[in-house]
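In order of appearance the chains are A, B, C, D, E, F, G and H, and numbering begins at 1 in each one.
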Amino acid sequence: MARGERIQIAHPGWCKNCGICVSVCPTDILITGKKSVEILDLEKCIGCHNCELICPDFVLKVVANDEN
Amino acid sequence: MMKTKIFRPEKRAVLIQGDQAVVEGALAAGVEFFAGYPITPASEIAEGFARELPKIGGKFLQMEDEIAGMAAVVGASLAGKKAITATSGPGFALKQENLGFATMVEAPVVVVNVQRVGPSTGLPTSPSQGDVMQARWGRNGDQEIIALAPASVTESYELTIKAVNLSEKFRQPVVLMLDEVIGHLREKIYLSTSDEIEIIDRKRPAADQDPDQYLPYQLTDDLIPPMADYGSGLKYHTSGLFHDQSGFPDGKNETAKLMQDRLHNKLHNNLDQIILYQKDIRKDDRVAVLSYGSAARTAISAVNTGRKDNLKAGWFKLQTIWPFAEKEVAELAAQVETIIVPELNQGQLIREVKRAAAGQAKVLGINSYAGELIKPEEIRALLEEVL
Amino acid sequence: MGRYEIRLSGAGGQGMILAGIILAEAGVMVDNLNISQSQSYGPESRGGASRAEVVFDEDQIDFPKVIKPDLLVCLTQESFDQYGADLKSYGVIIADSGIDISEVKPEFKDNIYQLNILDLAAKEIGNEISANMIVLGIIARIIQTRIPVEFIKKAIIEKVPPKTVDLNIEAFELGFDLKLDKRSYIYGRI
Amino acid sequence: MDFEKYLRMDKLPHIWCPGCGHGTILNSFIRAFAESDFDQDKTVVISGIGCSGRATGYLNFDTLHTTHGRAIAFATGVKMANPELNVIVMTGDGDGSAIGGNHLIHAARRNIDLTVILFNNQIYGMTGGQFSPMTPTGDLASTAPYGNIDQNFNLAELVAGAGGTFIARGATFDPRQLKKLYLAALKHKGFSFVESLSQCPVSYGRQNKAGDAVEMLKKQEEDTINFKKWQQLSTEEKKLKYPLGILKELDNPESEYTVRYQKIIEQVNNEGAL
Amino acid sequence: MDFEKYLRMDKLPHIWCPGCGHGTILNSFIRAFAESDFDQDKTVVISGIGCSGRATGYLNFDTLHTTHGRAIAFATGVKMANPELNVIVMTGDGDGSAIGGNHLIHAARRNIDLTVILFNNQIYGMTGGQFSPMTPTGDLASTAPYGNIDQNFNLAELVAGAGGTFIARGATFDPRQLKKLYLAALKHKGFSFVESLSQCPVSYGRQNKAGDAVEMLKKQEEDTINFKKWQQLSTEEKKLKYPLGILKELDNPESEYTVRYQKIIEQVNNEGAL
Amino acid sequence: MMKTKIFRPEKRAVLIQGDQAVVEGALAAGVEFFAGYPITPASEIAEGFARELPKIGGKFLQMEDEIAGMAAVVGASLAGKKAITATSGPGFALKQENLGFATMVEAPVVVVNVQRVGPSTGLPTSPSQGDVMQARWGRNGDQEIIALAPASVTESYELTIKAVNLSEKFRQPVVLMLDEVIGHLREKIYLSTSDEIEIIDRKRPAADQDPDQYLPYQLTDDLIPPMADYGSGLKYHTSGLFHDQSGFPDGKNETAKLMQDRLHNKLHNNLDQIILYQKDIRKDDRVAVLSYGSAARTAISAVNTGRKDNLKAGWFKLQTIWPFAEKEVAELAAQVETIIVPELNQGQLIREVKRAAAGQAKVLGINSYAGELIKPEEIRALLEEVL
Amino acid sequence: MARGERIQIAHPGWCKNCGICVSVCPTDILITGKKSVEILDLEKCIGCHNCELICPDFVLKVVANDEN
Amino acid sequence: MGRYEIRLSGAGGQGMILAGIILAEAGVMVDNLNISQSQSYGPESRGGASRAEVVFDEDQIDFPKVIKPDLLVCLTQESFDQYGADLKSYGVIIADSGIDISEVKPEFKDNIYQLNILDLAAKEIGNEISANMIVLGIIARIIQTRIPVEFIKKAIIEKVPPKTVDLNIEAFELGFDLKLDKRSYIYGRI
């Protein structure tokens, strides 16, 4: 959960907007959008991986800040 | 025992799927037991029985697999109930061993196969008539099966009743071969009233049957031994080994021969009751389109529209595909020049047609084996070619 | 009179199959009218295009599926692209306004009618999934000489969840009232 | 005891080999049945294929000799079709735990009121001595000429793991206990399972130089121990002996499958009446 | 993590429904695999038929999508033919415990080195929501319109009863634990089994008004408990919760089936040399 | 990889049973894997492999049932081994679903069926040819199978080698249909030396095959895609659903059609390599006795002794029963007046003969279906009757 | 084990001479014979049923003395 | 020369099948002699009559079972009753002396030869189950022009348990030395 890592919607096209990631984000920065998940405030992401690990669709990836 | 538990005072038009029509037909015919395993496109049959059977005190069983489902219906049949199971190709393969057992112990049961495209898992949601030969030959040994193939939702209903009746009458498993199109098609059909339906119950021993004299596989004149329900006090033995009239195996070749012949003849002496078909062949028709199941819908459509353009063509629709209508087809072959056999497979029943035709008529197939219905225009084109 | 073929196409979840079943149920209420209703399952059981078909005829229905539609409904571009080229010469295509119909076959140019079905559903009814009821309304008007409008309404009432009946009927009426009469042949040979 | 009543006298002597334990199982069974309250005319005995499968031919009940491994599935159909029938399954270790293993665990899971007697001679007897899932590791068999590497089931644990409500083990050297176990199993309302150790001096014995039936019975006695005593053994000691007796018994007739189904029927019909 | 390596990117997005837990299982699996020492090129993943069966299509290994219920039997052939291969089975609760139940218990009995991941969504997902042997009693299913009367397996107990040497249970609400369990299972030399609780918001959820995936995951969390904590509960309390974690682990690589067979080969060839 | 692990320096006469000859043949052909389940009269095959395979580092697996046995051999085949299973009728029924799967994924495997009398448990220790149609049609869907039928112990040996070779060559399951008589008969046969035996191994991708370019179901010219062993790094997908060249299902009808056609044509373009038969028909023979398996022994005996009395009869023995030798039989029908088809069943392959003959010759059956061999005198009697 | 009961070879034709009864008889009065079991000394039988219960072939029956 | 057919019949356990196999194994040692050996399994796998057959021929053996035996051995009444009526006109029946042969077909009256095989086995060899070796000895003499006696001895040595070789050979010799020559056609057309 290095502060230097943050979430990335790595494969937006795969997102099915199921909301699971939203429910596990400790900082409440994810929301289901019109078609797929959206990030409310990337800055607040603590890179905890919760969302990445549980996403059934391989959409999310915690990456180094500079990759984002 | 009531003849039927379904009381339906008036004829009623409903929109139902072929799969549901099987359920309605079975209930109308007195079926009280279902055991099976879900599989596309036959699951709706299981679901229908799960819903309906408890209402009449019947039993629905979802078993651990198709093999068990087949075994359970045979068990239920021996316990005195009219029983049915339903599946599709891969599951039908699994049922074969116990279907052979049912033939051997002469247990009336109905096996529904809603065909999808094989081999193997194939195309689970697309129609096929690829199990026609499997129905006849899927087991070890020779024994004949009765197989009916409905071409519409109405026929799904009617032929289910027929299937139950034939199975009861001949102590014989009967296979009902739908295909995905018919199984899932919704059509308007009329459910009969109770007294419109002829219901046949298996011949049972007389109430005063002396247990010591009871022969569960008696060589009666009609070759169909009276069948006792388990628990009726007659205490008899049943085996998948060849057995004598008492039901006990003795391993003698003569015993096996006698039994093989009886099993064969009880059907073949009664083909007129078993072989069902419809036809519309005019004197001067030069071509006949012979078909069954959903392919018959295409065939009849093509012939009827062709006739409007004066094509000399007629149609012949088999409702009973096994035993094969040898005689009728031989006669047809003598009458027309060409027989066209459209099938949703690579050409299965056409082999029988060719054999029966024995060179008297040209026999041509039209085949679709990748999940699509044959289109009327395809048959039309061939009709025009040969005429 | 005679055989009449309807094909409803759209995306999974747009309720085309329910619409097809409702039409068929309504047809059942007509004495001596035969009905065949079917749908395609896509290659996968979930997602993708969805298609329902209804065939009715006073005579026996031989081939149970649509051979060439008298009436084709397309709610999505994908469905239009797939089915839009297949129509009787006097048939009708109802396409959602969102669809680019520029590639329509020249011979069907005059048979196609665009209506803002999805928009209306979202905005007027406030619910995109009532698009199918709007479609039913449009169809009801077209086929009313064969299947009475009340039968379709009755079928809707029987088939949709009780709580949603009013909303669905509202959408149906909306569809029914959409003006189609500017080109009168639109009714095809019902 | 007037055991003739339960046997088809005209079919005897049976085809089992001299000293085959299957006969003793049958012997114990008919004595248990005689002591029970069940109606002979309302009892169905169902078997699969194997030497054990031949049991039904000698029993004077409604009897069904099915396909290999499927007896329990047939029995499930019989019982559900007519829950008034008392349904007994006789199966072999191959029949019941190899090809028929799935039906065994599912019947146990459903807790359907069948009495399953498994003739465990630790071998495929009828087909000439191939190893079964009950053949101990290291034993010789016609398909294990260098010693069996398979590990055998502990059937009691398997059936318990599947949810069976009555589980017992007996052995032919002690027919008195066998009879008691069968009687208790018959009475149990729910799925009951009695593993019955049997000796096969021919297909098993010859290959394994196990001696004649008498020697095999002696060995059986040595290898087994009463369940109560077994429970007092250390974990290590436990592994060396098969416990005999009632190993599990959960009395809950309401959870029996046909009873549960009957409730559904009533529920549906009451709802209809509302 | 560079998970792309383990996925067939061109096959994604997968066909599973929004919120289907099967995707989370796959997600956890590839992370576990990445942490293991196994060679991706020497790993075969085998599945049966069902939504779960589709898993193999998305995994970048040698993959085999077999017939319904038979994955473990195919896997047994693959593993025995080439014991150097790391063989993983992905199966559904229907696939693995209904039609495939026999293969499951026999593979466990043999203790063959397969890693079996059972996707337990408590329903037949693919065929539209018929009850499975894992559907809890009372739940609704398309073939149990009045509530399911079947009693479900406790698969951990079943596989333990059959002789399995590594048994674990995880759940999609806790993918970190799932990953750990998969990793441990992969490493275990012998038969390993990980029941993986998964949510099916469509075929199970809709009928049972279980809410969306998020609600189902919440329920999952409520219904489960860590195995260590579970062990401290009273017998009554134990019945109310599913324990999660490694439930059984017996480390005895020598008893693994291919190892045993190899010994036979050596024995036979040494004898030949004598 | 060695071509064969069996090294046999000199030809050797031995007395062995047909079942054992299958084992010897399989080992000679490079089989290293057996999985199955015992059943009379095929158990000796399992027992033979249990004894022999460990000696060459191969694997013998006794599975929990026939279904698992079939699955395991397909798995072993995909893992790169030549694999075989053996059973009899009831077990053959259980193998059908996965046999269909093998066809679909094109896994070379050999399935031996030592036939006994069916249906069901039937007569377990008596000979039959009652599963001939089951071999062809026991599964859902159309797909062809190759089936060979040895008539002697020597042929059991030779045709087993052939079966393995054909399966490898065509990526196709092959069924070897013995019957109880041949399986248990002891005859003197000569086991070939290693270099006398032609051994065919499946076509594999080149060693430098680019994994990204590998198409496990590639549409090659010969219609037989190169097959990679699991673990060779090519990481491919295999499914019983219809699939495209990459092995992935897409559910499209076109994909299914392409695959159905390829599966069919890969055999039908090569019938000359697949259809094996022997015959002795002289120009002026008026009757041919067409047979296969143990019935051929009777047939040839009857013809040979008949010829001594100047009967104008010849014999035609099919070694390949599926695909059926249509062309050859049609030619035969054009040549002779009558074809007699003796079979140990109620008349199975005769249906094919009749179809192929298409009325050109009279086709008569002689059938024994209760566990006894047909006797030469029975055929002789019919020969005299028709001549 | 009433003294008034003794063993009877009720179905001699069924006996396969396996010797099991012999091995369980506490009074050693049974022996395997040429073709089937034989009773050495009926008088010594204590009617314990051991042999009857274990005989796999339904050969033996303990009966009242007067039936013997 | 030509086809020669032997049928050995007796009760299960009398070793007829082993005798058949030994004859066949001996035949294998003869260059260019073809052999087919089979046995019947009774209706049940255990007990009852037992039958073994050996056919040999320098030519190819078409039908692999005995059509009409050249040589028939019967050790029990049951086997004689069942098979005793089936013989080539010039064939030979060897029947144990214990068998009542009064019902033999008149045309075979002169072909039948009774020998006290079982008795000899029990008394001379002290072991009833060596009857099959005595039978082999008798047969060996009859067919010695086709299958050398040493080959049969060799086959015995290979097939019987090592410890019992001497006893078995002794029984074989006993059989071989039994006088059959009082009716010379006894050798049939070997």
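We take it that a residue touches a chain if its C-beta (ideal position, glycine included) is under 8 Å from a C-beta of that chain, and two chains touch if they have at least 3 such contacts.
In this text, all values refer to a predicted model and were calculated from it rather than measured experimentally.
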Topological distance between chain E and chain F, in contact steps: 1
Highest C-beta pair count, chain pair: B-F
Computed distance of Cα centres, chain H from chain B, in Å: 54
Computed distance of Cα centres, chain D from chain B, in Å: 37
Distance from chain E to chain C - Cα centre to Cα centre, in angstrom: 45
Centre-of-Cα separation between chain G and chain D, whole angstrom: 27
Residue numbers of chain A (touch at least two other chains): none
Multi-chain contact sites of chain F, meaning residues that touch two or more partners: 54, 64-65, 67, 90, 97, 101, 105, 120-121, 125-126, 239-241, 249, 251
Multi-partner residues of chain E (each touching 2 or more other chains): 16-17, 49, 67, 98-99, 101-102, 106, 133, 146, 150, 261, 264, 268
Touch list for chain E against partner chain B, complex: 49, 67-69, 98-99, 101, 124, 127-128, 130-131, 133, 142-146, 150
Chain F - residues contacting chain B, complex: 67, 88-90, 92-94, 96-97, 100-101, 103-105, 115-126, 128, 130-131, 133-134, 136-143, 239-242, 251, 253-254, 256-257, 260, 264, 345-348, 351-352, 354-355, 357-360, 369-372
Chain E partner contacts - residues on chain F that touch it in the complex: 32-33, 35, 54-55, 57, 59, 61, 63-65, 67-69, 71-81, 83, 97-98, 101, 105, 229-241, 248-249
Residue ranges of chain C touching chain B (in the complex, touch as defined): 21, 24-25, 27-28, 33-39, 41, 45, 61-65, 67
Chain E residues touching chain A - in the complex, by the definition given at the top: 1, 3, 7, 12-14, 16-24, 26-28, 31, 172-173, 175-176, 179, 201, 212-214, 217-218
